[in-house]
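In order of appearance the chains are A, B, C and D, and numbering begins at 1 in each one.
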Amino acid sequence: MNINVGKQAIGEAHKQLSNWGRWGNDDQIGTLNHITSEDIVAAAKLIRRGKAFALGIPLDQNGPQNGLFGGRWNPIHTMLATGTDAVAGRQDETPNIRYADDAIDMPVQGATHWDSLGHIFYQDKMYNGHDAINVDSRGVHKLGIEHAKDKMVGRGVLLDVARHKGADSLDDGYGISNDELDATARAQKVEIRKGDFVIIRTGQMERCLKARQWGGYAGGDAPGVKFENCYWCQEKEIAGICSDTWGVEVRPNETKEANQPWHWVVIPAMGLTMGEIFYLKDLAEDCAQDTVYEFFFCAPPLVITGGTGSPINPMAIK
Amino acid sequence: MNINVGKQAIGEAHKQLSNWGRWGNDDQIGTLNHITSEDIVAAAKLIRRGKAFALGIPLDQNGPQNGLFGGRWNPIHTMLATGTDAVAGRQDETPNIRYADDAIDMPVQGATHWDSLGHIFYQDKMYNGHDAINVDSRGVHKLGIEHAKDKMVGRGVLLDVARHKGADSLDDGYGISNDELDATARAQKVEIRKGDFVIIRTGQMERCLKARQWGGYAGGDAPGVKFENCYWCQEKEIAGICSDTWGVEVRPNETKEANQPWHWVVIPAMGLTMGEIFYLKDLAEDCAQDTVYEFFFCAPPLVITGGTGSPINPMAIK
Amino acid sequence: MNINVGKQAIGEAHKQLSNWGRWGNDDQIGTLNHITSEDIVAAAKLIRRGKAFALGIPLDQNGPQNGLFGGRWNPIHTMLATGTDAVAGRQDETPNIRYADDAIDMPVQGATHWDSLGHIFYQDKMYNGHDAINVDSRGVHKLGIEHAKDKMVGRGVLLDVARHKGADSLDDGYGISNDELDATARAQKVEIRKGDFVIIRTGQMERCLKARQWGGYAGGDAPGVKFENCYWCQEKEIAGICSDTWGVEVRPNETKEANQPWHWVVIPAMGLTMGEIFYLKDLAEDCAQDTVYEFFFCAPPLVITGGTGSPINPMAIK
Amino acid sequence: MNINVGKQAIGEAHKQLSNWGRWGNDDQIGTLNHITSEDIVAAAKLIRRGKAFALGIPLDQNGPQNGLFGGRWNPIHTMLATGTDAVAGRQDETPNIRYADDAIDMPVQGATHWDSLGHIFYQDKMYNGHDAINVDSRGVHKLGIEHAKDKMVGRGVLLDVARHKGADSLDDGYGISNDELDATARAQKVEIRKGDFVIIRTGQMERCLKARQWGGYAGGDAPGVKFENCYWCQEKEIAGICSDTWGVEVRPNETKEANQPWHWVVIPAMGLTMGEIFYLKDLAEDCAQDTVYEFFFCAPPLVITGGTGSPINPMAIK
């Protein structure tokens, strides 16, 4: 497609791609509605070898947050009870069980995560026409992640764009076109179907991990899909789109008029579920080896009431 | 079985039920080793209707933590960006995207969760002979939940003991015997197999939720399995045991010599994975209706480096 | 005074008591401007016996927050390093110093604290005419507590209203009139002066502590000043007003049209600094004994950038 | 002095400088006992100009923690209610007051702070002979900062070593000898007395702030006192020692046998109170101008039950 990305193009995409009302005025899950029970049953048949891949990155202080975006921080893990306490005899009377306990404090979108549909607004509105002020300091009162608690199950497809292009990783700033996605699928001999979770591999995370520095990963530049991708997702009627980058779409942005213009459309207009910071190395290597790029996908969010998303550890099962 | 529960019985159970070294000296996942690839493939065939049940409770300040145990608290959810900010124009220059963001701060075992094998010690040791001092203020350096990141997948079986006994819920203090578990399975016409995730329903959570008060739920009295259950789990070679209570085993304890005597054995001696505070109402009603008590089970933990467990939202898929 | 408390009275008080512009359009500290260097020098002369009283309550999970107001919680104190770790030898190589370390997570107004002038709005405005939207999810961008970092020093006066009335504590719902404040001061033979920090004792906190339950303390009913007190504070030109209650003013509110009507005026119209949840038992007993109700007062806030207030441990020094 | 710094010298210093039992077996405050009521009255007379200096650094994400030491992080400030919420009308029914609220989550020693005597151990012991295992995951059960809640009041003396030596700042690794402290005092015409709070300025913080990067400030190299300083503090019978560095003593350490060898002695043997990360620029400039290096000092800790210290905003009042 040939789009002059900017506020006007965003406005036009909103008109053409709006799913407001498509699944009722009370709908809270958007494109997850594309998944049918039959799709889940069919996806289960993709479990042929009994091999599960964990797509979540470790939650610890070595995470990718460098303070570039929104005051996010890496997970803070603190212990509430320890083995050293136990061995010192500190637990032998009360509670009279030797144990360890702990807590975690983290931005819900700080590591591998889902975005909820309450994460992004367009002008004063959320997906399905809800007022953005439904998201206040007490939480996301419409379109929170809790509505998707049993919906993140279905067929997953890996589009390994980096490998398809013969690269370890795409460069930051490299924009993936719709044609390239289609070409990757064709080369991989995998079909994108209605209700799929499409997972795009750019190799960026592996590049950062290999260099042992997250640099500008979370909040900075990245390879990713071009703005035009919103049309592709709508046409394919996929349930969700995921990537090994922090924001799926290419950065620097294709326009100076908006930060992350693709986001302005896919969440508030389409209600498209989005997964970010996915760890894809092991899955991608396996797919390259057995040339099977489809699998059963199960990535339940935590039921965070009023959450803009949830940290997750998605499972791809072949 | 006729066990005089106390420190001596705990010691004997440790000897008889130890799995130390069974899967190698480096093993970090214990009974999860019982699950084979074939088991996963077979479990996938249980997805017949394409219906998923979310077994996680909501994470918010209405959670069950009342301060009874270990200084745990209910999840604290704070917003880092809001729709009210957006509508007030506070985001239009920087970051120039209208969005909401948030964070969550919670004990990993404060709501629906897995225990890792690093959660409980016996004397100065952890499962597989590791020294308990491997768990210090910086985390669980052995047997942390991260080792199970791709292991919580397989066949799930619901044993609806409450419904089997014709009760809405079992009383606090009611101890479920091994015979009762077997009888429930027989009545439900479901077999317990090696590598299963066995989920026991007592109805306690539903009772608390219906009464709109969690009272002494988290840390207090509860129905649950008797101490003898450790022998049952070992004999059946199950992968994990889960329940709708905060601690699986009956409380008040069967002895005054130890708090939660069953815990003293199943984690450090056997390396048994345990799931707690599961929400079972919807799943149980469905099973009662279609009389199918087995399903595909997928409950990935967050990859919390050095975690004593993880909050989860388990999926039971039929 | 005879005020029909309600939105109209609030509006009138705003007009009459406004200090907007009084200390310049850039002023960020309001009535703290009443304190002069001479006042501080004079106050220092009140240090005659060299005895200091700490007016802060302990920060721990036994605090007064019961979830009644605004999602506040009691301080969460977690350890980052412990003596049990040290004794177990966990610190002997790295960092090679045996130590303990910890963190605290708390609402800034959850225990003894100052309110900043950014804490309360009237309609869409803050004190001195700033737009309320200057307070967004990233902090208090105008009138934050950091502006008062070196201002909480001067003469303190205790008005022990409870003791003056011969009561251990005033009842919840008891409204203290301006006349009663004046009568208390006269009986105590202490003069209220421009630039003073006036500290009002109702005895409520001691009542709650004695009963070993905070019941509805933080967010509930309380004895306190009547709405008319805003006129008294303005006339006396005091620097700040403090109390042993959670909100200084009487609750239940004197009107159904507004929650905490006195707050609607004193902070946004007058720019009056307010201290809440002060522990006054020891100071009050000492004042009763030596009949000296004035003292040097030093209660530095933490320099929380963009804070709506700060936890404090105020010092009264006689 | 000519000390061969190492474990042997540490052991010898422990013997010679021990204050165990000096103020009774129950003593929890160590050298703060040096301060008498008369000292406080005398210190009050140093308030001559009515000018207060705030010595606390801002608490925000621009703080000095870079993850170098102990998993500490910069303060996380989150809003619980905002002006944008208020203006959007989100507070007009419940709570029916337009307000902002917030919380702070921080290591107690992450910014300007006091160490409590429970912060450092020697072998298995704390100050005054308490077992180090009294510090477990639930807090500092002996020698916590709460015991000093009304003790941080007295005479303060600034020793501006950097200015005395004609430097903007001392270099990292520069060790300040006892002789230099004495020479600085003499040059400043100020006497160090029993019960003083001695505040040492190295200029390091100003150097870091000027360069707009905290680099290795918190946890890294620094100018500071030499190990021999423990003898000086004991001889002078000072109440506390403070500095504009993260750890008062020189780094790199004077030995490879111990990290921060001076800490090994002054806290557990002597019970010396220590203040770190003090902001001294404004105070130092004022002292240089009026040549008065003594002042009233009031730096109340928060009453953190079982705290290893407390964030503070110390007041120097001249």
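Here, a contact is a pair of C-beta atoms (placed from the backbone, for glycine too) under 8 Å apart; a residue touches a chain by one contact, two chains touch by 3 or more.
As the structure is a prediction and not an experimental result, all values here were calculated from the model.
S.K.: If you apply the touch rule, which chains end up adjacent to both subunit B and subunit C?
M.R.: A, D
S.K.: Could you see whether A-D or A-C has the larger number of C-beta contact pairs?
M.R.: Pair with the higher count of C-beta contacts: A-D.
S.K.: With touch defined as above, tell me whether subunit A and subunit B contact each other through largely the same residue numbers, more than half shared, or through different ones.
M.R.: The interface is built from the same residue numbers on each side, given that over half of them are used by both copies.
S.K.: Report, in whole Å, the distance between the mean C-alpha point of subunit A and the mean C-alpha point of subunit B.
M.R.: Centre separation, subunit A to subunit B: 26 Å.
S.K.: Please compute the C-alpha centroid of subunit A, do the same for subunit C, then give the distance between them in whole Å.
M.R.: A distance of 45 Å separates the two centres.
S.K.: Please list all residues of subunit C that touch 2 or more other chains.
M.R.: Answer for subunit C, listing residues that touch two or more other chains: 71, 79-82, 84-85, 87-88, 90, 103, 105, 133, 136-138.
S.K.: If you look only at subunit C, which of its residues touch subunit A in the complex?
M.R.: 71, 78-80, 82, 84-85, 87-88, 90, 103, 105, 137-138
S.K.: For subunit C, which residues are in contact with subunit D within the complex?
M.R.: Touching subunit D: residues 36-41, 44-45, 47-54, 56-60, 62, 69-72, 75, 77, 79-84, 86-87, 95-110, 112, 118-124, 126, 131-140, 146, 149-151, 153, 258-260, 263-264, 296, 298-309, 311-315, 317 of subunit C.
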